[in-house]
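Structures follow.
Paired with chain B in one complex and with chain C in the other, chain A is shared by the two complexes that follow.
Right after this comes the complex of A and B.
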C-alpha cells in the first residue's frame, strides 16, 4: 500500500520535475494519523490551485485532502463548478462527472470497486458545489442516500453559482441579492442537512472551515462511517468572496461571522446510533470528547 | 489508399486528423512513414536517420514508463535510457524531457524540464527541438500532442506506441516492447556507423 504505488523508474528519477520527486519522498500517502497539521509540513496532495486569491474554498480543499484517511485508496468524484478547476491539480484519483451526476457516478464507482477489490477498502468521496449538490444534482444526491450507498458527500456551499457570475442557488439565503439575482433570493435556504438526516445519512455535519481541527474530525469520521455503515454528508461554508463583495483577506472572518450561535452555519453534527456505535469501536477515547451541538 | 502525407508543420492552427484524410494504421510488423505503411525494419532505419541528423533529438517519456507500474515498465525505462544514451553519445544536444502526467498545470509548466500534452508546442519551441519521440504516453494524450505539434511547429514526430500506432505522427511504431526499443537503439548505432544518415524532409 501507500508509497509502494508511486515509485519513479530510477532511469528517469533525475529528470522528473521536483514536485514529483517531493510527492514520492514527502507525500503523506499511507501515513497513519495524517491530518491538517501536515499542511506546510509535508508535501501536499494539491500542487497549485487556480482559484481566486484568498478563496476559502482553496483552504477547504487543502484541509480535505490532508485529512483523507487513505488518499492512495480514495477516488474523488467532482462536478462542474469552482471545485472542478482544482481537481486537475490534485494528486488523488478523481473523476469529473457531468453537472449534477456526481452521486450517481459515485454509486456505480463504489459498487464496481467493491467487486473489483473485495479484499481492500476503497473510499469514494464526492466533492461538489452547492449548485451540483442541491439544485441540478438533488435527484442523484437524494437517491444515493435513499439507497444507502456507502460513500461520503461533501458540499462546498458558497451559496450561489460563483464561477458563472453569481446566480441564485438553492442554498443561497433568503433575500440575498447577487449580481445575477438582482431581485433577491425568493425562498429559504434549502435545509439539506435536515434532508440528509431524514434521507438516511448516518453522519451529517454543517460547519465552516474556519477551524481546521474540526474539519479534520468531520472528514475522517464521515469517511470511516461511510466505509462501514452508510452514506454521510458534510456541508462546508466556503464563501465566494468575489460575489459577496469581500476582499481576499476577509474570507476567514466571513466564516467566523457566520458560525456563531443561531447563525446559519452554526456547527451541527448528527450521528446515527449505528454510526456512533461504530465510531466508538474505532476510536473509543476520542469519542468521549467535548460535547458538540448534537441534533437527532 | 490515401495520397495524404503526414509532413512536418506548421500545417495549420488545427491540422486535419490524418485518419480523416485516409491514413490507416499499420498491421503488426509494420509502421508508418509520413502516413504510408512500411515494413518495421525500414521504419527503424528512417527513425534512426531522423534522430542522427537532428540538431536536438529528444525523447519524451510519458507516465507509462516514467513510473514503476510493473516489470515491463521498468524494462522499457531501461531500454529508453539506453536509446537516449546512444543519441547523447552522437549529439550532445540530445534531450529526454518527461511528461509526468496530463494535468493542465497552473499557471504554466516549465518548458525547459517537462512537456504537457495540453501545450506541447511550448516545450518544442523553448528547447528548439526538431525531432522528437513519444513513448509511454496514453494514446489519447499522444494524439492531442501530435496534432498540436504538427499544427504549430516544424518538429518531426515519432510515436513509439504500445498499441496500434498513431496516424498523426510523421513516423510511428506499434506494439512497443522493451526489445523493440532496444532494437531501435541498435539500429541507431548501426546507421551511425554506416555514416549514411542524411534525410530529406518535406514540409506541409
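Right after this comes the complex of A and C.
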C-alpha cells in the first residue's frame, strides 16, 4: 500500500474523528527503525481497546504493533478470543478467521499477495491465543510450518481459555486449577516451541512481555526471517489476571516471576543456520559490535 | 467516581530518559511524553485506573504517579 493512501482528503479533513487526524499526523507508518521507543512520543496504531484494566495482553499488543517493521504493508490474521476484541481498534489491515483457521487463512493470503504484488514485500502476521494455536488450530498451525509458508505466527499464551471463564487449554501448566477446570490440569504443558523447531520453523522465541527491547528484537527478526527464509514462531506469555486470581496491577510482576531461571517462560531463542546467515546480512553492524565486546 | 492516574510534575524524571510508565501502561496513547514540559502526562479519558504505572514508578523510587478519584 502506498503511504499516501493513509492521508485524508483536505476537503474532508475537518469532519474526520480527532483520533484519525492524529493517526495521519503523528502515526509511524513508513518510519525507518520503528520500535517501542516511539511509544509515548507518536500516535500508536491501537486506540481505546476494550480489554480489562491492567491486562498484560494489551501491553503485548502495544509492543507488537509498535515493532512491526512495515505496518502499512502488513496484514494481520486474528482468531477468536480476547485478541479478536482488539483487532477492530487496530490501524493495521487485519482479517478475522474462524477459530483455529488462522494459519490456513494466512497461507492463502500470503500466496495471493505474492501473485498480486510480485514486486512488493508484504508481511503476514498471525496473532492468536493459545486455544486457537494449540488446541483447536494445531492442525493448521503445524501444516503451515511443514509447508514452509513464509509468515510469522505469534501466540499470546495465557495458559487457559480466558474469554469463556477459564477452561483448561493445552498450554496450561500441569496441576493448575482454574475456575472451569476444578480437577486441575492432568498433563504437561504442550511444548510448542520444541514442536515448532522440529516442524521447520526458522526462528522460535519463547518469552514474556516484561522487557520491551527483547520483544522488539524478536518481532522484528521474526518478520524479517519470515520474508526471506521460512516460517517463524513467537510465544509470548500474557497472563490473564482475572482467571489466575491476581489484582489488576499485578500482571507485570506475574510475568517477571515466570521468566526466571528454570521457570516455564525463561527466555529461549532458536535461530536456524539459514536464518542466522540471513540476519547477519541484515544487521551486520550490530553483530560486529557484539563480537568486539566479547574479544575484549 | 473513577480512579485515574495523575503525574506529579516535580517528581517526574522523564527528562532524564525514564519511560517506565509509558512503557508498561496497558492502554494505548494514554500516558504521553509531553515534549514541552518534559514530563509524562496522563490522558484521563483513556485511563482505566489499573495502577500499573503507580507500581512501576514506585518500584523505581520516583513515586511520581498517584491515583486520584474523579
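What we mean here is this: the second predicted complex is superposed on the first by the 283 of 296 C-alpha atoms of A that agree within 3 Å, B and C clash if a C-alpha of one lies under 4 Å from a C-alpha of the other, contacts with A are read in each partner's own complex, and residues count from 1 in each chain.
FYI, contacts are C-beta pairs under 8 Å (C-beta built on N, C-alpha and C of every residue); 3 or more make two chains touch, one makes a residue touch a chain.
Computed from a predicted model, the values in this text were never measured in an experiment.
Of the two partners chain B and chain C, more chain A residues are in touch with C. Once the two complexes are laid over each other on the shared chain, residue contacts for A:58 go to chain C alone; chain B is not touched. Of the two partner chains placed by superposition, A:269 touches none, neither chain B nor chain C. In the superposition on chain A, A:212 makes contact with chain C only, while chain B stays out of contact range. In the superposed pair of complexes, A:243 makes contact with neither chain B nor chain C.
With both structures placed on the common chain, the touch criterion links A:9 to chain B but leaves chain C unconnected. Of the two partner chains placed by the overlay, neither chain B nor chain C lies in contact with A:135. Within the superposed three-chain model, A:46 lies in touch with chain C and out of touch with chain B [touch as defined at top].
By the touch criterion defined above, A:159 reaches neither chain B nor chain C. In the superposition on chain A, the residues of chain A contacting both chain B and chain C are 47-49.
Against chain A, in their complex, chain B makes its touches with residues 61, 65-68, 73-74, 77-78, 80-81, 96-98, 100, 103-107, 110, 113-114. Within the complex, the chain A residues that touch chain B are 6-12, 15-17, 20, 47-50, 88-89. For chain A in complex with chain C, the residues that touch the partner chain are 36-37, 39-41, 43-44, 46-49, 51-56, 58-59, 61-62, 212, 248-249, 251-253. Those residues of chain C that touch chain A in the shared complex are 19, 22-29, 31-33, 35, 40, 46, 48-52, 54-56.
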